[in-house]
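So, here come the structures, one by one.
Heads up, the next two complexes both have chain A, just with different partners, chain B and then chain C.
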Partner chain A sequence: MIAREELRKNRLFGEFSDAELDMVRVAADEGTYEDGRLIIAEGSPGERLYLIASGKCSVTTEISGAGTEEIRLLDEGDFFGEMSLIESAPVSASVYARGRCRLLWLERKAFDRLIAEDMPVANKLLRAIVLAFCERVRVTAAKIEGYYKMGKL
Partner chain B sequence: MEERLEILARCELFSTLPRKGLEMVASRCVPGEAKKGANVVVEGKAADGLYVVVRGKVDYIKKVEEKRGLVLFRWGPGDVFALNAVMDGKEHYVSAVAATPVKFLKLAAADLRAVCAADPLYEHRILRQTLLIESNRLRQITVRLREFLAKIIK
Partner chain C sequence: MAKFTGKYDEIFRGVLLLVLLALLVWQYLAAVTNVLTPLFLALLVVVVAFGMRVPWARGLGYFVAGLAVVWFFSIIWKLLFPFVAAFVIAYLLSPIVGRLADRGVPRGLAAFVLILAALMAVAAVLLAVVPPIIGQISKLVATFGYLPGRLEDGFARASEWLVELEEYEPSPYVKPLIDDLIGHAQGLFEALLKRALEFVTSLSKLATHIINIIITPIFTFYLLRDMPKIKRWVRERIPRRFVEDAVETYAEIDRVLAGFIRGQFIVSAAEASFVAVGLTIIGVEYALLLGIFAGIANMVPYVGTYIGALPAVIVILMGPDVMTRLLWALLLYVVVNIFDGHILAPRVVGRRVGLHPVVAMIAMLVGARFFGVIGFLAAVPVTATLKILAKKLERRYLEGPFFKQPPASRDAGGPPE
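And then the complex of A and B:
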């Protein structure tokens, strides 16, 4: 079974007690992805929340007429795939393994169960996701500023 | 009070709250207004509350040069803004400028925390709605980012 400490290292679960982490441990799966392997594809239905236990993952998107561009590099302790679970919408970007990486994941059903079963646990998890979203919105808005300036050069 | 409740019930952030929770939010909101062109919130300043548009339009503007900004979003009646900075307690990442004369309701950050602390269900519903709102905004900003990237690469 996945170690508690491995989960606690992830920014989503830093505030979880041992008992709460155990609820996640029993529901989570794990796997290793080799360099360059596609983990989730842009436009596909999102079915998992992924946690990076070790290694890095590259978030890419298709730019019309220009090919694939990396828009974010995720590191150990980051997570991805949650947007599609929350919105029930297709995945907005592709994610590839950058080097060898070990991932943990919660399937949609397990994620929904975790959110539905215990409200204090759900709120902890939702708060952590909200904070991560807020940061992503900030980072993306700041990138727009940077690209605007580059576009003018 | 009834009018305020109607406005808040139409706001995505509070739309799933039970009546009691909505009343709590309504009782803590403070009405305000801004003239066309006025800053409601300023990029880089600390957030002290969130806003729900009652009437008029508000532009969400990201500063890109000393005297130039890009409109990332335009908000109308029922829309909430300054939510991001209230949630993470950091400064505003954009300015909110009245594109027309605007009336709004303001909920102080401390009052939002009080509503969330009053009942875990209120917090749960507000968090879920926040995720939907922020997720949608993240998608929209990402589309803008792609447009800029495409321009640069071409």
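And then the complex of A and C:
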């Protein structure tokens, strides 16, 4: 089974107690992905919330006319795939392994059950996801501000 | 008077009614025996027992339920064979599918291709190995089947010879003895014939086997494809306080078994091919058969190679040119044993499962006694699994309060003398 320490390193589970982590450990799966392997394809139905236990993953998107653009480089402790799990929509970007990485993941069913099963767990999990969203929105806002200023010059 | 008649009348009617009722119940019971299976009755008992508020009723309910489960499996275990086989095959192949999946091959595709490849490999091996083996077996049987006839001839000739020698009828003391011997020889021959007939009738069971042969790969495919899901499903349903222990124990058993099976397969296959090739070069008949036997016998610790050599010695003793071939064959087995013990086995580490050789041998004998060849093959893995479980229990016992509790001190608790 996945070690507690490995899960706790992830920003999703920073506030989890041992007992709460154990609930995740039981429900989560693990696997290794070789360099360059496609983890999630843009437009496919997202079925998993991935956690990076080690290695890096790059998030890319297809921009029509401009080719493939790397949006973000995710590092150990980051997670991805949560958006399509929450809004049940196709994945908004592709994710590739950068170098060999070890990923842990929760399937949609496991994620839903985890949230339904225990109130504090659901609370902490969703809060962590929202926090990450906030950070992302702030980064995006700063980017837009930058573009705006660049446009004014 | 009328009163009496009325009374007798009523008694008569009552008896008649009882008899008729008994007949009716008997008839009904006979009609519903198809419904009143042990399983249904057990279910009724369990429902009634759990409905009662008596403490022993619940225990009785569990007991009956357990008995029903055992009964059910004792009836259907033969149907389960393809599924058990599929489980074993899926367990053996799942590391390969896992590794392919890590490289991005979808599990379903990996499982399909692997099973297809395995089926083709089995078919190829069967095509290559079975006809010669059947030829060798039938030759072997023919050789032995010929024996009674020769014995009979021999006895007949011996008695003729006796007649000629003594120039009179064999003495009344010797005659029954000779007849008896001839009778025994005939009995032996008849027994062999009966075996052959049984073999033919067993061919009619082939249909069942063919169904099993079709079911097994299909079930194996689904097991292989969904292995991680199945594992998670089970994991999520283990009581939370045991899940850690259970997963750890599974991992440990898995490590030992996987190592053993892989290692034993490598060693046995190597030994079988060496012996088969070597015996062919020496010119011993049935080399392929003897090689396979040597590979299987190799599982027995220490003496396996020499057990494997025994039938070869017998075959050589029955043939021509005994001395040279025997020496070469013995040399071959000794060399194979040294190769196995000093070069192959140390490199195939996983073959050791931490069982004492004596324990392993006893386990194989017991397994073979109760479950035949499958019992023999499964003996070491099963025993190794049981050993791991026993170790866990031992640790729990040694760390538990029952073991650690100090003896009650005499001046504090004990009853006065």
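Everything below uses one rule, namely that the second predicted complex is superposed on the first by the 145 of 153 C-alpha atoms of A that agree within 3 Å, B and C clash if a C-alpha of one lies under 4 Å from a C-alpha of the other, contacts with A are read in each partner's own complex, and residues count from 1 in each chain.
By our rule, contacts are C-beta pairs under 8 Å (C-beta built on N, C-alpha and C of every residue); 3 or more make two chains touch, one makes a residue touch a chain.
This is a predicted model, so every value here is computed, not measured.
Superposition note: with chain A as the common reference, chain B and chain C can be accommodated side by side. Of the two partner chains, chain C is the only one that A:D22 touches; chain B does not reach it. Using the contact criterion defined above for the overlaid structures, shared-chain residue A:A110 touches chain C, although it does not reach chain B. Touched residues of chain A, counted separately for chain B and chain C, are more numerous for B. By the touch criterion defined above, A:L131 reaches chain B but does not reach chain C. Within the superposed three-chain model, A:G31 lies in touch with chain C and out of touch with chain B [touch as defined at top]. When the two complexes are overlaid on their common chain A, residue A:A41 makes contact with neither chain B nor chain C. With chain A as vertex, the superposed Cα centres of chain B and chain C define an angle of 140 degrees, given in steps of 10. Look at A:A141: by the touch rule set out above, it reaches chain B but stays clear of chain C. Superposition on the common chain places the nearest Cα atoms of chain B and chain C 24 Å from each other. No residue of chain A touches both chain B in one complex and chain C in the other. Chain A contributes residues 61, 63-66, 69, 71, 83, 86-87, 92-93, 119-120, 122-123, 126-127, 129-131, 133-138, 140-145, 147-151 to its touches with chain B in the complex. Those residues of chain C that touch chain A in the complex are listed here as 101-104, 228, 232, 235-236, 238, 240, 243-244, 247-248, 251.
Residues 1, 22-23, 26-27, 29, 31-34, 37-38, 107, 110, 113 of chain A are the ones touching chain C in the complex. Those residues of chain B that touch chain A in the complex are listed here as 62-65, 70, 72, 84-85, 87-88, 90, 93-94, 120-121, 123-124, 127-128, 130-132, 134-139, 141-142, 144-146, 148-154.
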